[in-house]
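Notes follow the structure.
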Amino acid sequence: MRRDTAWPFLVPRRRSVDVSKQVILYLEDLNVSFDGFQALNNLNLYVNDGELRCLIGANGAGKTTLMDVITGKTQCDSGSAWFGQNIDLLAHDEAEIAQMGIGRKFQKPTVFEAHTVFHNLELSLQGSKGVWSALTAKLSSSERDRIDEVLKVIGLEKLRFQLAGALSHGQKQWLEIGMLLAAEPRLLLIDEPVAGMIAEEAERTAELLTSLAGKHTVIVVEHDMEFVRSIARTVTVLHQGSVLAEGTMDQVQNNPDVIEVYLGEEV
Amino acid sequence: AETIKVGVLHSLSGTMAISETTLKDTVLMMVDAQNRKGGLLGKKLEAVVVDPASDWPLFAEKARELLTKEKVDVIFGCWTSVSRKSVLPVVEELNGLMFYPVQYEGEESSKNVFYTGAAPNQQAIPAVDYLMSDLEVERWVLAGTDYVYPRTTNKILEAYLESRGVDKKDIMINYTPFGHSDWQSIVSDIKKFGSAGKNTAVVSTINGDANVPFYKELANQGISSEDIPVVAFSVGEEELSGIDTGPLVGHMAAWNYFQGIDSEANEYFVEQWKTFIGDEKRVTNDPMEATYIGFNMWAKAVEKAGTTEVDAVEQAMIGIEFPNLSGGVARMNKNHHLSKPVFIGEIQDDGQFEVVWETDGVVAGDAWSDFLPGSRDLIADWTAPIKCGNYNTEAQACGGQAE
Amino acid sequence: MSAARKFWTSLFNLLTELRQPGRGSSWLVGILLITTIAMSAANLLLPADSPLYVSTYTITLMGKYLCFAMLAMAVDIIWGYCGILSLGHGAFFALGGYGMGMYLMRQIGDRGVYGNPDLPDFMVFLNWQELPWYWFGMDQFWFAVLMALAVPGLLAFVFGWLAFRSRVTGVYLSIMTQALTYALMLAFFRNEMGFGGNNGLTDFKDILGFDLQADGTRVALLLVTTLLLVIAFLSSRAIVQSRLGRVIVAVRDTEARARFLGYRTERYKVWLFVYSALIAAVAGMLYVPQVGIINPGEFSPLNSIEVVVWVAVGGRGTLYGAIVGALLVNYAKTRLTAIMPDAWLFALGALFVIVTVYLPSGLAGLLQRFGGQQNGKSASVEAERESSNKPSIGMREVNA
Amino acid sequence: MKQLLLSGCLLFCLLLVSTTWAQSESAPAAVDGLLQQLTEASLREVGSVVEQLERTGGESMRPLFETMLAGDLYYHRQTGALMAVDKNAEGDRIGRDVFSGADLGVQSRRDIKKIRVNNRLRGQLRDTLARLDLRHGSTAEQRAAVLAILDELTEQNMRLLQRVADTDVNGELRELIGLAEAMVQLRDSSDRVVRIAAIETMSGRLENPVRNQLRRVVNDERESDAAVKAAAQKALDRIDGRMAFFGSMEQLFFGLSLGSVLLLAGIGLAITFGVMGVINMAHGEMIMLGAYTTYVIQQLMPNAIEYSLLVAVPAAFLVSGSVGVAIERGVIRHLQGRPLETLLATFGISLILQQAVRSIFSPLNMQVVTPAWMSGSLQINPVFSITFNRFYILLFALAVFISLVMILKKSSLGLNVRAVSQNRNMAKAMGVRTELVDAMTFGLGSGIAGVAGVALSQLTNVGPNLGQSYIIDSFMVVVFGGVGNLLGTLVGGFSLGVANKFLEPATGAVLANIIVLLCLILFIQKRPKGLFPQRGRAAE
Amino acid sequence: MIQIEKLNQKYGGTQILWDLNLEVEQGSCTCIMGRNGVGKTTLLKCLMGLLPPSDGRILFEGKPIEGSAAQARAKLGIGYVPQGRDIFPLLTVEENLLIGLPARRDGLKKVPEKIFELFPVLRDMLHRRGGDLSGGQQQQLAIGRALVIDPKVLILDEPNEGIQPNIVRQIGDVVTRLNEEDGLTVILVEQKLGFARRVGKEFRLMQKGSVVAADRMANLDDGLIRQYLAV
């Protein structure tokens, strides 16, 4: 029996993730069902530290659900999910998981609409998220610089005092990416970042994500094949809740199963 | 002042409006009549009406407003005991004068208040006497709304019944919240309690809105007044006007006045009321009579004192007599309570009461009950030399309220 | 002519000032302090026949209004900023009030009608033999105050902890707060509870040795109320303007997002709820000595709904709006019940309807509209709220 | 002197009991004197006069007793003549000969005086009539009469019963009479075997007197026969067992009936609040309007009260429904997308409606009559009965619920309103006339509330506060069931009702209510979206 | 078929559309393009009647409609597929489709078969809640739903956002088929050049709230793209 399953209170509360085996995410035999519908079906997935992994798959294949399980939003019926060697994700709730360094961008851009762009980023900054520290928090100059930096990256410098609710769809996408950047998580889960972006912006996003890889681990879900091709090293294809194929972009693209259920006849 | 101001402090909205609005109209009618007689001390009377909205703290605030802002000479007001308790400190602080026209639990006597409604010994005790002697009741249900008036009354009755040899097992006590509307279980319990082969009666201190569903349930569960009669202390003609009384015939109420009482003064009063309110169907009730007596006594006392100054009027009030509507004469006692006759009436199918029993003469209102240990030795006497509301006859001293 | 214009410009400036969270509310604080101090001085120093004399009636009334304002502000903090619509805040107010009421009751000592040195009157005539255990210590002011804060605070904590932890939100939460206050009302109505049943606690004599009926005591109570209101206001404003405040607003709008950023939103909610309950309790504590009675009616759910209405009239999510709303509605109530006792409900009802239909963000929104030309941003959010069908702040799933 | 005469007379009559019974058909002259006494006696004395009248007059006195019981017996102040007096529609007092029914014309109020009856007398008259019924009444009346006699098993009454038993009576009546005989045997016999057999007969019977007698036997210290005691105890246990069973049946019925009230109160709100999302604080006032409509309808058709409710149901639907439509068009429409503001506006509206009713109808409660078919109860056995009004209301609540579900399922309104509440703009873009849908839905919800008001007018006060007393419960039920789920409202209403009623005997009404509320609070922790939460992704 | 003249639109204080002119021919397939936030969605909402324009005229088949409500425009024959799909989440797929029936001019009482022909998935999903469908399925449902009202003009706002490639292709085919075979006028907002080129016949480029270029799709060259579609 593991120490932390028997005596959870013996375990120090904030731990950094142990990636001594180079693998940062272990997902094993995950099952999730909704009202009898099997959204994840014995799914197994391993992601290496510092990797940039693309996750593709038909609509409804379970990509978002997978992220929900990792981030604690959805309880899985069975299986295990470990963050590095030492953290059992299934034993923690959303906030704890986020504090341990897993950040997430939603499929539908989700930002704090009543706050300005600047404050959205401020709230996302890494640091203590406790009630007391929030009450006494003061923005340090390094934090300020960090926000400015992010603003520049996401191209919303001019709109920094605009309320986020008044941004267009694409701008909200960028802001949400910016919030992720500000939080500097170990593992980034990015659900459809370029939906609604024009080609050039998609390119910029691709660059950004590539540059993040290495220092951070990035998992990207995207349907835009051009975009995926431009960033992908390893691609995992999900189908009906399990992994259908995994490999380089070329391998995946020529996999007849993948063509059949996802890509369509000619590419 | 140009006029003599009469403050009216009755709820015109909220839960108590149902009962209190009538009293506001009664005071207005009395003011009107008095003015037609030429007013008082050569001045016209002017009514100042406010709405404390069945909100108890608001009663205190409105009382303060009447006394300091409007500078009224007298207040007629309050119905529930809690509203009176809320107003009490204010009238005492500002040395106002208030007339309280509703039957209540007693245990109070303030220099600044005259209690023209019944004290428990003017309603509850005689009613129980009647049930015991005339109907040979042996088993008792004391059902009331959970507040101080029923609690106190039932405490007194319990003590009284036990003193008359009733076994504790033969008394069932039940309290329900204000506005209780689902009486199924309780009525069923009463039915069971009454099926033990002894004559059983319900003594009801159920208040206001809870009565209609209570009586409806009684009727529907087939409890007639011959099986288990109910005698109520808070159900008058006004309450009955909202109930289909067909199935209630024979249930009783104990009051100091009924609209159906045959007397000339009453006939005139009922007529006057119907004309004033412009509705042939409106009824009169006991608190209205109490208001009527209170108002007229106050007018007499003001004439006697020659001023509306509170201390003078207060002293003048004591000993004042005024014919009550049921024929006799009511008298204001030293304890600020009235001497009045007590009647028991049975409900008729036209929503009126028929008197089936009455006391021989008047009964003097007792501020402090003789059946409660804490107050047995207390009396109220606002004349010299005692001049206090809670004089302890044992200790020969006034309690906390002494001036 | 020019004086009038000057007046209007300065009024306009004042209103524009008020829109700014920082400076505007400092104005409000100033006005409040100056008014009450002036009133107090006028009451104590001027002779009763002076035209500027302020009667004790007005002082007491003002004190009551300010207590209500504090209560409204407590509701605004959680509703306006955190989207928790509490329909049961009256419960915390009343519990605070009962705490103070118990102290005041014990202060009566043997001056009660039965002259019993220990038992309050209502216990004597209901034949209670000794003081129930929960009344012990309430004759000490410090202890009573402590309890008056601790009990509602603890209740808010337990309730909030249960509710927020299991993610009860929106109308479900609102109705549960209502159930809470309703249950407490029924409980306090029971005479067995030992809090005087329906009559509650009343007939108080003095507080900390000062006669409650003396003008000086009343003025002092008013001043203390104002002071505490100002402190509560300033601290609430500080909270709202801190990062904590921004997290709270974030939780209101997109709780899931905040959670995925690592904020334990339920803790934020619980602490804010407790804070708000404490403010309500303080308001209740100040209310009781000034109005002279506390009874279970204060727990009535309709009372709590009324508080929400004050906040809405004033404009929620602004703090000062809540204060203004409470003052205005209660003043209107006082005046109307005297001027038109038979029809005041028409007027009050109509006021509520008109404010909602024509002033979507309450009086505060009116002020914002005043300055709308200069500042488009806030107005555009407004426009978005009006044009889109997104459910507004708070009970989001109503429309889901 | 008079007293003495009276008691002498009484004694004489008692001696003559058996003979007078035989010859009571023709009223002898003695009756006239007694009738004269009736007008002179005080309330206390009337009782014995009635007793004598029964003996001397017998069945022929039935009209007199019935008139007296109804409180319609008067006499003329001058002539002393007895008459029955009824009021006609104009309020005139019409005299009628008690025995022949002949019209005696309009009587002035001053000329006639009522012969007063009080409860005691009414009880006596009932018993008297029961005895008369026993010999002459229909089977049902006879049955009732025997039941009445169980309380008073005098020798005289037993003889009466025996005589009835000798005539040709049906099985049930015979059984009852047998029961009476058994009770007498248990009481009077000294033979153990007879007594135990009697107890055997009595065992399991639910009639009160049976139980009381058995209990007396068990508790009687002088009763030395242990076997009899044991048998009685056993019989009593059996009775208690049956009573406990029917007791819980009764509680269940009470619970369902309370549940039906909660359902009725909540069901309209399940539409306006649950489906449309309007926090409708004026919901209670819609109920109130329905109740007042019932009152008005009854005023309009005073001679057809039996049918008034049938008319009132559609009328109340229309009245409350149109007020609802007016509110929607006038106010709610301007608050699109701001559900919380509707709380404020409808709170204002509720104040206005309350005051309006107060101004129009006076602040007093209005009297709504219960039609005869809704009065009384269905007596299933001596300890279990179902009150008609509650029962009909239970059925009515279910009927309303089913029709509402049908309307929403079968008409396009149901679909449209859900679409509008989920995404107003998109509904518009699909060509849905959202404004019409809003108005219709709000009207429907309010109309249903009005219909509920008709039912509630049969149970409680029709006054300006009617609405306020139901608003809290309504919200509680809707939220407990799960907002937007009609079935939830149904289940929620009934389970709250039943829970309350099963707690009540143990805790009293108030504590039961408090406990139920606390359970509700805890329950919501377990199911934060009510009993029947909306499922699926979108509901998150 | 549709003419928009001098359309202006403000959100509160900020103006989004500036004197926008746009003309769409009967039977054409017009693709509107522009950077994020130039006001494409806003324009479509104005056209559908979901946002009141501050100023300007909108003609549909020659008749002004700028004053009429959205539901009236639906009845005139404008079908709308919004950005983000806006499926009624708690209605079943079938109910989502049924909603539009009363707006049809021919009074048909059941969902036309054609829709299931175009999107066979919908038939399989008929009784599932709209909100439970995956993104791609929802998108198909949204288009099917718009077709239920038998529109003369179909407005699509970024229909491919978040949709898997083979369905993107399928949607493209359906749109082309509707346009070419049934003569349905199509207005399409699209960011992905490839798709726009394949499906659109005409293009309109937007910048800062007005239409700045309009031509046949064939003439959309790199210069224009660099000028208006690059960051």
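Letters are used for the chains, namely A, B, C, D and E, taken in the order the chains are written, and counting of residues starts over at 1 for each.
Just so it is clear, a residue touches a chain if its C-beta (ideal position, glycine included) is under 8 Å from a C-beta of that chain, and two chains touch if they have at least 3 such contacts.
Everything numeric here is computed off the predicted structure, so don't read it as measured data.
Q: Would you mind naming the chains that touch subunit B and likewise touch subunit C?
A: D
Q: Based on mean C-alpha positions, which chain is nearest the centroid of every protein C-alpha shown?
A: So the chain nearest the centre of the shown protein is C.
Q: Which chain's C-alpha centroid is most distant from that of subunit E?
A: Taking each chain's C-alpha mean as its centre, the farthest from subunit E is B.
Q: Round to the nearest whole Å and give the separation of the Cα centres of subunit A and subunit B.
A: So the centroids are 74 Å from each other.
Q: When the centre of a chain is set as the mean of its C-alpha atoms, what distance in Å lies between subunit C and subunit D?
A: 45
Q: Using CA atom averages as chain centres, what separation in Å is found between subunit D and subunit E?
A: About 63 Å, centre to centre.
Q: By the touch rule stated above, which residues of subunit D touch at least two different other chains?
A: Residues 354-355, 422-423, 425, 468, 510, 513, 534-536, 538-539.
Q: Could you check subunit E for residues that touch two or more other chains and list them?
A: Where subunit E meets two or more other chains at a single residue, that happens at 11, 14, 89-90, 132.
Q: When you check subunit B against every other chain, which residues touch at least two of them?
A: Residue numbers touching two or more other chains: 12-13, 146, 175, 177.
Q: Using the touch definition up top, name the residues of subunit B that touch subunit D in the complex.
A: Touching subunit D: residues 12-15, 17-18, 21-22, 134-135, 146, 174-177, 179-182, 184-186, 188-189, 195-197, 209, 212-213, 216-217, 219-222, 225-226, 229, 238-239, 241-244, 246-247, 249-250, 252, 279, 346, 348-349, 351, 354, 356 of subunit B.
Q: Show me the residue ranges of subunit D that touch subunit C in the complex, using the header's touch definition.
A: Touch list, subunit D to subunit C: 277, 279, 281, 331, 334-345, 347-352, 354-356, 359, 421-425, 468, 472, 475-476, 479, 483, 510-511, 513-514, 517-518, 520-522, 524-526, 528-530, 534, 538-539.
Q: If we count contacts the way the header does, which residues on subunit E are in touch with subunit A in the complex?
A: Spelled out, the residues of subunit E in touch with subunit A are 11, 14, 35-37, 41, 83-84, 132-137, 158, 161-170, 191-194, 229-231.
Q: Which positions of subunit C touch subunit A when the two form their complex?
A: 239, 242-244, 246-247, 249-250, 252-254, 256-265, 267-268, 271, 377, 380-381, 384
Q: In the complex formed with subunit D, which residues of subunit E make contact?
A: 48-50, 69-71, 74-75, 80, 82, 86, 88-91, 95, 98-100, 102-103, 129-132, 145, 148-149
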